[in-house]
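Take a look at the following structure, please.
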Amino acid sequence: MAEYRVGVVGVGSRTVHGPLWARTLTAIPNVKLVRLVDEEPDALARTAAEVGVDDTSSDPRTVLEADDLDIVIVNTIDQVHAEQVDAALDAGKHVLTDKPLGVDTGQAAGVASKAKKAGLKVAVGHVFRFVPQYEFVKKRVELGELGRIFHVEAGYVHDMRPVWKATPWRTDPDDPQNPWFGGALHPIDLAHWLGGEVTEVCAVENKASSKAEFPLNDNAIMLLKFASGAIGRVWNTFGIQQNPGFQTFCSAFGDRGSCLADSRGGEAELHIDWGVDGVGGPLRIPFSGGKNPNLACVLDLLDAIETDRPPRSDAAQAVRNMAVLDAATRSVKSGKFEPVQIPAI
Amino acid sequence: MAKSIGVGVIGIGMGGTMLPLNLDENSPFEVRSLCSGTASKVEAVAREWDIPHWTTNYRETISRPDIDVIGIYSPDHLHIEHVTAALDAGKHIVCTKPMVTSVEDADRLVKLVDEKGVKFLVGQTMRFEPEFTAAKSQLDRGLLGDLILVEGHYVHDMRHVFPSTPWRRDVPQDLMYGGISHPLDIMRWLVGDIEEVHAYGNRAGLTPEVKIKANFILNVKFVNGVMGRVLGMYDVVHPPMPMMGIGLWGSKGTLMADYTDLKGGHINVVYDDIEGQPVGTFDFPPETLGAYGHGDTVLRYMAQFADCLEHDREPSPNVRDGAKSVSTCAAAAQSIETGEVVKVRNEF
Amino acid sequence: MFRSEPVLDDRTEEARLQMAELGVGVVGLGMGRSLLAVNGMPDFPATVRGVCDLVDDATAAAKKEFGVEFTTNRIDALLDRPDIDIVGIYTPDHLHKDQVIQALEAGKHVLVTKPMSINSQESEEIISAVKRTGKRVMPAQTQRYVQSHMAVRRFIDQGEFGDIYFVAADYYQDLRPVYDHTPWRYQHPQDFIYGGLSHNIDTMRFLKGEIVEVGGYGMNSGLDPRYPEGIFETFVLNTRFEDGTIGRIAMAPAVRPPLPNIYVQVFGTSGTFVPNQIVLDSFEGKPVIDFDFTSENWSFAEIRVLRNFVDSILADKPQALNEIDGARITAVGDAITASVTSDGSPRKVRLDF
């Protein structure tokens, strides 16, 4: 098995995940966590002590431009993702970046093109593709057990108030975090995963939180039309008061069965006619944790490098996700279905 | 739907589960005659359900021209007499398990059914319980891969049912046929014919007046090479386990299905391709209609029978399935006597 | 009777006996690792003083984490130590016989993980060695020391089950991960009739009595291609006990079933045990009692086995299992082999050793 030398940019409190990616890497035997970077010296020192890494810096270039690393993990604020991934690609490294890939589709497309030309892998941290109950839903779709998929649902439902307090850069009135980047990209990615190419979007949004808590609208529904003829719904909401038990959901409905899953209790439900005229069931499978989606995401990147295949959610997919968001943004204004325009990569 | 097919029922304990057919608008069946041993009981049931004819003489029921199907729910050892008479009269047959209690009798029935060209359904309720139908569906879809090992069980402290059906104690009922036929039939349905069997049997002695063996363990080899085993325990302190169950060990998954009279059932399944191998569960609500709660199941198999009559299809299980179950039970009984592995006759 | 000949260091052993503490040497730190924990138990009347394993990391860890004084790669170096009274053999099955005899001849008592032997010829050699050396052999049949089985046995002894007319013991374990970290099992193929079914066989002996007849079918499931075709790991067996009552055994190394790993059922005229519940007929109302033990680490059962051995030696009483038990368990395996490799008909089990 090949050995990989990895550096992480961003281990402090600027992002919710902070030291999460650094910690994850220490669990992989053939990965050597070489270097950590963060602007906050205390957070950097803490994480470095925790994961047993001495090599630290406040300068991202020590990781992005390093020639002694194979992989870079970008875990910084949204606004600098694209430039940092670019820098790492320029220096010949594979990248795992937190989403979004860029602040707009154009930026993301640029990064994706560069990666493609260089033959390097860029994995985008859509870790929900590695949640076991969602993998179960996807597998039922793939195996054809649900028949022809005609409807897809995915959502990201998160009372962000505590997060807004802890990371105030998100609520900066001059440069607030785009709520759709923060959340909606996840369910949009899941919807793509289950339903395929999205051709049109119709979106509507409103607000639950106060302007003081968060400057922008924080609740949106998107209706999707897929190339396959299926339709779907994405719900992205941040201002909800108290999480209603689950944070994400991901379900597929086909003409021979349905499979539903959400993040509450880690269970998936499979509804198929087992020849019992609807008596009994559904089949419930408990996924009792123990599987770490972040770890699985990194392992997927390593395998993608080794077998020369795209990571499960890669830069090209990130561009498609953001194109859907663009269409949604246009739709909020026009009140109509808007076509999804995907820039060439 | 017009009630176009008349049914006569012999035995109103388990046979009483046929009566709700009269209320089912979607069923062409109508029970028109009841027969049972005790006049007062059968008359009371006939009055309650508005059945025009009742009797204690089964020949009356069998010979009625407005009846096309005879449902036989009499004690096991009387099946051969009742079924033969009904076949001689040219009726279609639904016969509760066990079909009969000897291979010779099974042979007679197969020949007679072939000769008369009528439809014959063995009332093997397990095949129509949703737990086992769902298990078969999973197996047939390939979700469990190739079968490695199959097991079945049916345990029942029969002391609980002696009061309502004293013939079980007094005749006594031979549970190698009356009991073991349940899991054996289900296993045959799921896997295929059984080639050979080795069995042990004993008694616990909880009912001293019954002398014949009532606890059985069978090892079986199927014609297709799969291995299996059956547990049938009837002279028992009722054990804290589901009454009926099957286990399917496959190369891609392992599934256990269970069912208990009046308590519903479950499927527990593990799929190899899910990391962590969590146990998936599938719960089935209790069904309480009819004797032992088997009412809904009887309605299900009668729906199949209606379809078979209308479209000239073969019932499942049919007389040959019944015969093969009987011959497997007979082989097991012989094995218990001789201590040897005994080959099962599957040609009928 | 635990010694009939002078031992290497008389005084040391007596002194140890006075202190009521014995020295243990463990050979094989895979399964044997379980015993090291006794070094951290102040009241335990034995200490692991030496370990032997081919893997240096394992012996070094034993020294570092459990304070084991002596480490070696060679079993004879361990057997030379005068401060070791009991040797625990936890090596692959096919090595047991020679190592057990070697340890006996070095003047040690032997605790050997199941199976003691892999055929009756080996059993006879071990029995001879015990007679010759006067030392003890205890097969470490851990299922007797699993909490739920100990509790069921108590109920049986108190008469709560009445007459037991049926006992079953099934063994379900997805073996593929086991092959991953103990490759010797398929490199020198472990015969599950001896290495696996010994669990089932001895549990049934523990709860009911001697098995005198056994027969049935066996096959290789094909689930793991590392495992050679000629060796079976899937079994359905019928058994008969000395008093005529019946039982059954199954083993399936398939996709982990939704059942306990070792699944034992006991049916008696006054009670029935089917995990995790007991029905007690003798109680008014015939309650169904939940019989649920918090799952404990496997090591505890291994340690209880050792405890029984040590206590028995110190008290000069017979230990729970000896070489005759080991031989009988293996003899059941012989009968199983004869049956499953031919026509499935039952075979009588040799009891006289």
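Each chain carries a letter (A, B and C) given by its place in the written order, and its residues are counted from 1.
Criterion: a contact is a pair of C-beta atoms (placed from the backbone, for glycine too) under 8 Å apart; a residue touches a chain by one contact, two chains touch by 3 or more.
Fair warning: this is a prediction, and the values are worked out from it, not measured in the lab.
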Leader among chain pairs (count of C-beta contacts): B-C
Most distant chain from chain C by Cα centroid: A
Rounded Å distance between chain A and chain B, as computed from the means of their C-alpha atoms: 54
CA centroid of chain A to CA centroid of chain C, Å: 51
Chain B-chain C separation of Cα centroids, rounded to whole Å: 43
Residue list for chain B, restricted to those that touch at least two other chains: 269, 271, 279
Chain C-touching residues of chain B, taken from the complex the two chains share: 146, 148-149, 151, 196, 198-206, 215, 217, 219, 221, 225, 227-229, 231, 233, 236-241, 247, 249-254, 256, 268-272, 277, 279, 339-341
Chain A-facing residues of chain B, complex: 130-131, 133-134, 136-138, 141, 264-265, 267, 269, 271, 273-276, 278-285
Chain A residues within the chain B interface of the complex: 132, 136, 139, 145, 270, 274-277, 279-288, 290-291
Touching residues (chain side chain C, partner chain B) in the complex: 163, 165-166, 168, 174, 215-219, 221-223, 234, 236-238, 240, 244-248, 250, 252, 254-259, 265, 267-272, 274, 277-279, 281, 286, 288, 343-346
